[in-house]
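Per-chain numbering from 1; labels A, B, C and D assigned in written order.
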């Protein structure tokens, strides 16, 4: 009777907090129990289930909820602090009925961040909305203990698909290994694939280097936590309020970006950061970006860089550096880049731990709700300032991701037909070709044949 | 050329934070610099000077400010975090131009708490004002890291005068020693005298017991920090917003109270806690109180207990236990009391770290501003419920302290003559006698002959 | 210019000790420099090179020495302690010219143990030779910090081949993973294959369990350190004086044994422990043994258990438990066994950290030098007490290992022809068949075709 | 019923080791139980009683033994290691029947060092006896964990009387305070008076500086441990084999010497170090010595320096620096001296942790047994090389200490009359005057009137 066969087996347990994350006020406990009607309990239950399902293949929140319909989690006050009373939780999170320690940490991280969700909603009312948002992200990260002031820049953000072929996964692992040998910390969006590989590799390397305090930071948000549940190597988990704040957190917290192969989501992230960096106020900002993968993924990167050049021009292209099939070289180049970043921050007395100098327009901060109208209104032509074009392409991609895999998007497509994208003909064609090549490479996460959820209509 | 002779010598220095207390947002830095006009800079400067003057004999804020007129402190952003730029600071805080580490910690504690001062002003608006206040205190203490969940109750609050004879000071030290031998943590109001002695004794005992994590908690507030600057043994400093919240913090954080001889201030604290405990809802609450001092102070305690019995009755008297001249016995009894408290909290699943079960009326939470009118309106007679009478006597004493030593109070007396207290004749006489005996014992902190700042007028 | 291509590239470096292992007396430094003619330098150099070659494919000391002929290591005294001056060392041990931390630790472990080699030669002269040896092993392990008193038994010794097929290697890794999830520590003989797999798996599991102090103990000896250089996950390395003391250290330090597929060496180890446990004085001793591997290795284990039953009988067979193709089950059974061991030790007040209760005969302690005469004199028949027969079969196997792969043995065979083994016909045939099956399975580590280095001659 | 009145009250207890000091072999346990007849049990019992009597006023071993005739201590083997079974131990070492942690540490330090006593007797037989001794001391200190390699020199050895007036004791405490503020570690000979004061002061200062790892090293030896039991602030206790090795350990481990007022014993120590430093091979060695005390002890130091100048000349006098009545100045000068020492060690690559560069003649290493014959044979005249004269004066003083306070010496005087000292008349007279002044100042530790235990006879 092996654990393997117990996918749906459930466990009841009482979980004590690992640290002082668990000092809650009476009111906070009531909120999590929803005596107060704030809705926190539902959110907590949903995120908790996602965390407890880490490692399962299910990446859809509703599906998870339906698999564990009787799952519940309640906060209890005890003399030494609180305990979490968990019922009908996925057995895979437990070893001999003991919750895996890493997952326990995630559970309490979720609790910590969810309680803080509305607290900082209205900081510094006299700042511009954009600065308010950047301060809010700062306070959330600080509250989560994500700043280690005084540590020289060594946080590398890794982006890439959460469902990639083995050869690409192994490549991300190897890259992580060589980064880890250099004592570098990894930050990803949680989840599997390119988010897990670098951490796994780095964990082995950290062990060899006796680097006990190596950081494996996972940044997530409630909408994505089920789809990309934190893998158990993540030893710092932060739940941001929404996808835009999560993206901003990545680029203000990380010092170098490494982008592995992925699908539309990864491309969306790349366009986000390019759009930000293309803003005139950011020309002096040093945020090195590497595109890398095994030989087998060179076609992918060729398509991506062609698209960037075509749409955003060579200035954008010059912001990224492509390395194919050489994880050690990536690690060495990243290490050198970290030295550059360190020198620059030191010189300008910019903080090591939060990149205040990045200017981020509201266009990149405001949540984009991809309904049919918003999609059809997107201006997509090269007469726009490049940073604005990047913002709009990102939005279009965001809509396509939604139409492909998010419940709301799929529903909308079912009702109203494909999104209508209009814009400059050459650009639209380039986008179509790119997404088509993604589909051919199997990078569009869909079941069955891939039918685009959008149509290109004459501008 | 000894340090001793350098009382007024000043030092310029750059002070790095000891820990991650120093991760500030750009906005917070601006607030502390007062670019924002929030007035935080003035408050920070005042408290910082008080902290840096720890150990000096000056306990008056204005006097301090006039001794170090050019003192300033500015927050600077640096790549590794922030630094404090200090100019013309008292040299006594430094050893060979290095700030004493304990004082450095205090400086950053002040910064931490001052920044948090207005942040939590409006938590949980749908709670009653009294519960709001209790939650606010909880959040402040948690923010300051004052909760160590899971640690069995062992925090003893020590109250007593900050200017007491050597024989009493030595007694507080010895008591602290025997408490420290039992691994007990000390919490006081900072400052000298009975606030310092127990910590000093406990520090030696902790060293003998290899108890490296012994806590010496100092609770202060901006109005008192200059008069009772934290002694350097304090290893956890918390700045509460005002005197009432500080008092509430004491009795919710501490598990046992030990009251040494003191003056009117100490009596005020005793009446506060008695008033709280006399409330009908608190009859089940276990908060043991010991009055103790050397043989030489037995007269003092006799006067105090006589007064309590006369005014609040034997129920109040039964809440305290008097031990004269036996520090070891005190330590043993305190230890037993801690066991009782632990058992009670465990049984009721009350948290170890914050005494939520204490009911505290708004009467004990609202700041009392002792002007002539408020003083003359105080109801002082034994027909009141005892907890209300206790509250009013405390207010009266608070006014007398103000009239004796606080700038505002002294001014008011000079302008309008003594406060007019009216109330039940017997009670008024008891109070007069008590304060008179304090004056004879030299416990009224005044220079020159003691002239009462109040008159008793027929009710 | 990748590191991959630099196999022979060399590095010069100065290596500081990680800890206080580096406090040497002037005399000890001279010994390591060989000013004293004790021969320690040569031994140190040899072992150091082996450690620095960790991860390479070369497992022969002479070959290593010839690949790095100019390698040298010298101890230098410095004001803060010592440094090791390394010249022409294998570049693979370095990352960007920094020695990998884990390897640095190994280097200083070697230094520590080599210096201690002759110091304890003559402890407790009035004890029996056998007890003297057991005490010596105790002192060496203690000197190396290998005892963690008070920790409940959780050290699992893993034995198996260092050159095994991928499917078996993956199985050892998976088993290590499930052991590690249960917080179990791993002890192996260093090196690759079944010695590395369990550690790698456990390391990942320890990371998931936030088990920062997980132990990966490697026990080696100068003769084997080059062939089985410690993999970098080993975080405690101990060099024992010879192969017999290493074997005794395994079974006195470990609490449960897990034996994966291997070759003659693994079989030798199995016979050692069976011989010890079969001794009448050890009938009460609880030292659980598991044989385990993937389905693909069931033939191997069938052959091994048949041989044990045939030669040592069912009593011996009952000492082992076979589990095929189920790493999780192994982990759960091991965990239960650890509980049994714990209870037994507790009940009898046997120490947790060193199994004093095992009686080990001198026959298992005395180094066996497998020359032609010794081999031909071995009594190999089932009339012997089983523990003696086990001892002699172990010796025969030891000789065969030597004749196959050790320089000295190969030379001897070349000069004098194959070893002559004589003994009971049925037994000799069983042994011949077993080794033949090993050869067919590719488990005899030889280059070219396998020609047995022994002949069976009529008794 | 106070603890104060319980001087003779006794306690039975089981004491677990605090650390891994407690991993003993079966043989070692037998030795401590004296199954082996090595006599270790008696020695352990004696030292253990001394340690458990810390803080009592009894400083005589026989007296202690007779006060606690039923005291015994036995080592028991347990599954988690060992426990010490203590019977009829002085109750003062316990708080509520729990052994004071610092004393527990001392108990296991004694056990550790006593077991090691004979182990290293014969290291490095081919070295000169003098170097052998120096190596032995090195190994003992290393075994006790007394070396912290890499830490820049900051160990100050404090010598002085263990029975001094309050004004002098307070001065030592204040000096310790100012040393501790500078992060300096203290090393003394254990015991009370000038051995305790500096530690107590430094402990308070370390607390203010949050210096949790401040070292308070006590060096003792079996003959003195009862008379000068380690005070509970000592957090590293090392038992050396005899008084000469203890003295050598002081000056090889310490970086600066501070000598407070004391009696003949302190003078003996001063002559030891002067004798060593006067050796021609030590002219380059930097070992700064300060003589210091309050104004009240200036007469004492005048007498001492006059005597040094008269006997050993101005070269010797130049080796010491006298500071009267200024603890802060002492601290500052000591700090500067530590910087000099650091620079010198760095420059010459001399180890920070053990002063190998000091040449110490056998004359200072060989135990001197002060019987009548040895005393009468001492050459005491200024024609000798100064270092030899220093050695002989030290011996003479050692004899006088013995005749005054040690059982053996007192017996000898009772039987054979006073020691006969002969030597150069002027020198003898100087010595007589010095000791006379000590007696007048009450620095000769004798009960009743002081009668010299020696006579000066014509050479």
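Definition applied: a residue touches a chain if its C-beta (ideal position, glycine included) is under 8 Å from a C-beta of that chain, and two chains touch if they have at least 3 such contacts.
These numbers were taken from a predicted model, which means no experiment stands behind them.
Student: Among all the other chains, which ones are in touch with both chain B and chain D?
Tutor: Chains in contact with chain B as well as chain D: not a single one.
Student: With chain centres taken as the means of their Cα atoms, state the distance from chain C to chain D in Å.
Tutor: That pair's centroid distance is 47 Å.
Student: How many angstrom between the C-alpha centroids of chain C and chain B?
Tutor: 64
Student: Express in whole angstrom the distance between the two chain centres, defined as the mean CA positions of chain A and chain C.
Tutor: 45
Student: Would you mind listing the residues of chain D that make contact with two or more other chains?
Tutor: none
Student: Can you list every touching chain pair?
Tutor: According to the stated criterion, the contacting chain pairs are A-B, A-C, B-D, C-D.
Student: Report the residues of chain B in contact with chain A in the complex, numbered from low to high.
Tutor: The touching residues are 17, 20, 22-23, 25-27, 36, 77-81, 123-124, 126-127, 135, 138-139, 142, 145, 147-150, 345-346, 348-353, 356.
Student: Where on chain C is chain A touching in the complex?
Tutor: The touching residues are 2-4, 18, 95-96, 100-102, 105, 181-182, 200, 203-204, 207-212, 232-233, 235, 326, 328-329, 332, 335.
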